[in-house]
Amino acid sequence: MPGSVTFCELPSLVEFVGVTRSYGSRVAVEDIHLGLDPGELVFLVGPSGAGKTTLLKLINREIRPTCGEVWVDGLPAHQLSASKVADLRRRVGVVFQDYKLLPRLTALENVAFALQVTDLRISDEEARDRGLDALDAVGLGDRADAFPHQLSGGQQQRVAVARAVVSQPPLLIADEPTGNLDVETAWQITDLLEDIANFGTTVLVATHNVEIVKRMQRRVLTLVDGRLVRDQPAGRVGRLAWAAWS
Amino acid sequence: MPGSVTFCELPSLVEFVGVTRSYGSRVAVEDIHLGLDPGELVFLVGPSGAGKTTLLKLINREIRPTCGEVWVDGLPAHQLSASKVADLRRRVGVVFQDYKLLPRLTALENVAFALQVTDLRISDEEARDRGLDALDAVGLGDRADAFPHQLSGGQQQRVAVARAVVSQPPLLIADEPTGNLDVETAWQITDLLEDIANFGTTVLVATHNVEIVKRMQRRVLTLVDGRLVRDQPAGRVGRLAWAAWS
Amino acid sequence: MVVTRNAGRYLFHGAFRNWLRNLAGTAPALGSMTLLLLLSGLVGLSGFAMRNLAITEAHDASLLHVYLRDDATDDQVAALRARIEADHRVAGVGYTTKAQALARAQRRPGLPELVDATDSNPFPASLDVQVKQVSDVGAIDALVHDDAAVDPGYPTSYDQGAYQRIQQVMLGAAIAGAAFLLLLGFVALTVTANSIRSAIHARRDEVTIMQLVGAPRWMVRGPFVIEGALTGGFAGLAAGIVTLLISLALISAGSSSFAQVAPGVTVEVAIVAALLVFVVGIALGSGSSLFSLRKHLES
Amino acid sequence: MVVTRNAGRYLFHGAFRNWLRNLAGTAPALGSMTLLLLLSGLVGLSGFAMRNLAITEAHDASLLHVYLRDDATDDQVAALRARIEADHRVAGVGYTTKAQALARAQRRPGLPELVDATDSNPFPASLDVQVKQVSDVGAIDALVHDDAAVDPGYPTSYDQGAYQRIQQVMLGAAIAGAAFLLLLGFVALTVTANSIRSAIHARRDEVTIMQLVGAPRWMVRGPFVIEGALTGGFAGLAAGIVTLLISLALISAGSSSFAQVAPGVTVEVAIVAALLVFVVGIALGSGSSLFSLRKHLES
């Protein structure tokens, strides 16, 4: 019966169950248990090399866990067959730490490509319009026709953000989306991510920007040496766990 | 006669004279006048796309100015013949915004390569030792044998820093060297840059990290829309010019 | 509908745009493919001509003269002829009279005087049997050997040793030629495929990024396969046109002497060869793109 | 001293290490080069054999029979022979007596009876002149034509039309063969160079980074050139060994028949060919690396 599902029963959009991932003998993340709810904006912090990118890659099935289970929007990312991986990734918008823009496509084409990947019924005009909107939202409306190598570092990063948000996916993961941005632009991007979360998208942001994490007062996951050492709920202001720990 | 050169007569290590650089019809930096003295630690700030990277690229002769003159350590970077460019670059250590590590060399090999480029008399053992020292200084002594794709974003960035400092060049330019680093590690890198400046190297750091710029109280150049809108001398604390401007 | 149209537009428009943008990286592959397809085309035509030459040679070699007794009656000869013509291994039978044989012989030095010296004509009449296959000449010889109409002293022109040598040489030449053509074809295919593969390999980062963004398989492979087909098609087109031009130039330049060296290579054959080269180019380009993409995609 | 040693170590050690690490990207170039160098080797050997065959053919074709009058005196014959032997265009002169000529003629059908029928031997004795060059046969014919010892009816075996045809065919075959070999060689060189170039093109980012770090030209180019030489050298080595093995196998398999098809291809020649293939591989690999680097470096 509709209506029997109440708000608090919403299933987790992302669920980690005892996840460990090693590269050779090097353990990058270890025994992670984690659940992210729809519409949540969550920050992931921790020192360089703590395993943040590894954790995000597990969600996107860029890598598989060495052991444990990763569930994303009901799909088992840990045992997904190669042909189903694209299905999973179409539900996840990703801002990669190294942007990963297609070098032979312009900024707009990069964004439109990601849009048409999720839905082929979108016409070229609509893709163009929505792509331009997304670029406008990150302050790059006037650089739509530039190729990645013609953009500054921060501009490339913003194209990557635009590409991740344009299709309004149920889940958005962003790896250091403001690393190359000045304070002003960083806030602009953070506002954008918040807006998206308010529309129901789950947003997970790995970041080093303490300022932003502190002021936003959202849920903060702290990773140190591959272990989730603290999961601080939204609305609580506190010293960042790993800074206390180190 | 030695001794006749007094401290205040030291020539500028870097000198910009009315430098403008455009990409097509887009002006990236405009009419820059600037001098950097030996041993100075200078920050270069400004919003994304302001022209910081362009300014640094002019010093390294990655690009030539559209008009104006760029003098680096006595060499005319604006009119250097192709065969002399390597001479210039060997005097300049660079941390690139996108790292530019050689993908087929390990972290240590990347650093040792830069060292042997500057001086071929350095033996393999010495290069190895000094390379390991540099990696230690950025906290990566244990990852010396990893290839770039096996390192996290922040680790790659630190390898880039190690490569730039290892040969103790007279001039060091760093483009956003802490963009992918947590606060702790960012400070560690900043300390390293300060140490190097104290040993007489001129250090120019383009950064978005307001925290660091504020606390260090060094000279700050502010670039907005390609124009040098403020040159704040060391020791003065102030609102960042471009933040005031925007 | 919209989906198919969009998909088609995405594939073809996108692939063509990327192909143009990547021309600098594709140039070596394009050049290599053009040259090797051109080579294949020319070699294929040469092979065809050689085959025709070999057939002509075999035709000449499989002409068997059956020498007739001077006193054979017309009936005997007719019966023999009928018997030979009935054999399915025989293509046709001609007849040379004693007078014609004499006339032919007189063209050799020394013989005219000799012929003048005697009144009789020592040369026998003969049935000239065109056997279909060189290898059957021996069997036909055995067939007619003891016929009443045949000269018992020199029954036929068949010389076992000589025929075996001819057969051997022709077999050897055929094997060597075929082996060489196969080798060349293999090299051309492999090298062409390799060119495309290294062009794809250079762009495997792009493949990875497209996969990471969630593009389904066909959206990742499609454009690369079409780009490969474009490269192959252009190379094939260039090679085909040059093949055609060279053949036409040769055909028209030395119509008569060329026909001897390369029999059977007509304008139609040249056009077919050019088309083949073009099609092979497209198939090779798209096929090897797909092949090397599968390797990257699987991993 | 230290500098030179360091430089050498940097170049060779570094290049070898990088070459190994980049093997996956080099594989298509390596495969293409190996195949094409192998092809060049085999084609070169075939060309050599064909040249030898052509020389043999020309040798056969340039044998001129000078028919002697039956009543020529020994002195006249000796004088003629001396005159011919004195000519620098002549390689050697043999003598066939009337009896030998008859014996040869008797192998043709119909002739034995004819010879039996007359008492006299109608066949003339002849001087068999080996002319060095086919093209000079006509001149020698003119030289002896009116000699007192020569049969005025059939002075020589020279037949202007036939000789011109032979010369034409041989010239045509030589030109076609040379053109084909040249084309093949050109294709092999170009495609091989292209393979290396696309391997370098795929790594131009590395070249740029090395330049940005301040590496002087030789430090940038050196390792790539040596890597190219390694690729070319390995391809050449593999191709050379296979060339050698194939030639040796053929030589030992059919010693006699092979010598007829491919005269002059001995073990020594095969070794030289293999070495050449190896050296060409190295030169091509390093040369085309250098060439394509220059393009990237200049810009």
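In this document, chain identifiers A, B, C and D correspond to the written order of the chains, with residue numbering beginning at 1 in each.
What we mean here is this: a residue touches a chain if its C-beta (ideal position, glycine included) is under 8 Å from a C-beta of that chain, and two chains touch if they have at least 3 such contacts.
This is a predicted model, so every value here is computed, not measured.
Listed by label, the chains touching subunit A and subunit B alike form an empty list. The chain with its Cα centroid farthest from the Cα centroid of subunit C is B.
A separation of 67 Å divides the Cα centre of subunit B from that of subunit C. With centres defined as mean CA coordinates, subunit D is found 62 Å away from subunit B. Subunit A and subunit C have Cα centroids separated by 62 Å. The residues of subunit A never reach two or more other chains; the list is empty.
Within subunit C, not a single residue touches two or more of the remaining chains. Viewed as a network of touching protein chains, the structure reduces to one closed ring of chains, two contacts apiece. Contact between chains, as defined at the top, is found for A-B, A-C, B-D, C-D. Of all residues in subunit B, those touching subunit A in their complex are 23, 45-49, 52-53, 97-98, 150, 152-155, 157-158, 175-176, 179-186, 208, 210-211, 242-243, 246. Those residues of subunit A that touch subunit C in the complex are listed here as 60, 62, 82-83, 85-92, 94, 96, 100-104, 113-114, 116-118, 120-124, 163. Taken together, the subunit C residues at the contact with subunit D in this complex read 24-25, 28-29, 31-32, 35-36, 38-39, 42, 46, 67, 101, 105, 109-111, 113-114, 117-118, 120, 122-124, 153-154, 157, 168, 172, 176, 180, 183-184, 186-187, 190-191, 194-195, 197-199, 201-202, 257, 261.
For subunit D in complex with subunit B, the residues that touch the partner chain are 2-3, 6-7, 9-10, 18, 21-22, 205-206, 209-217, 219, 297-298.
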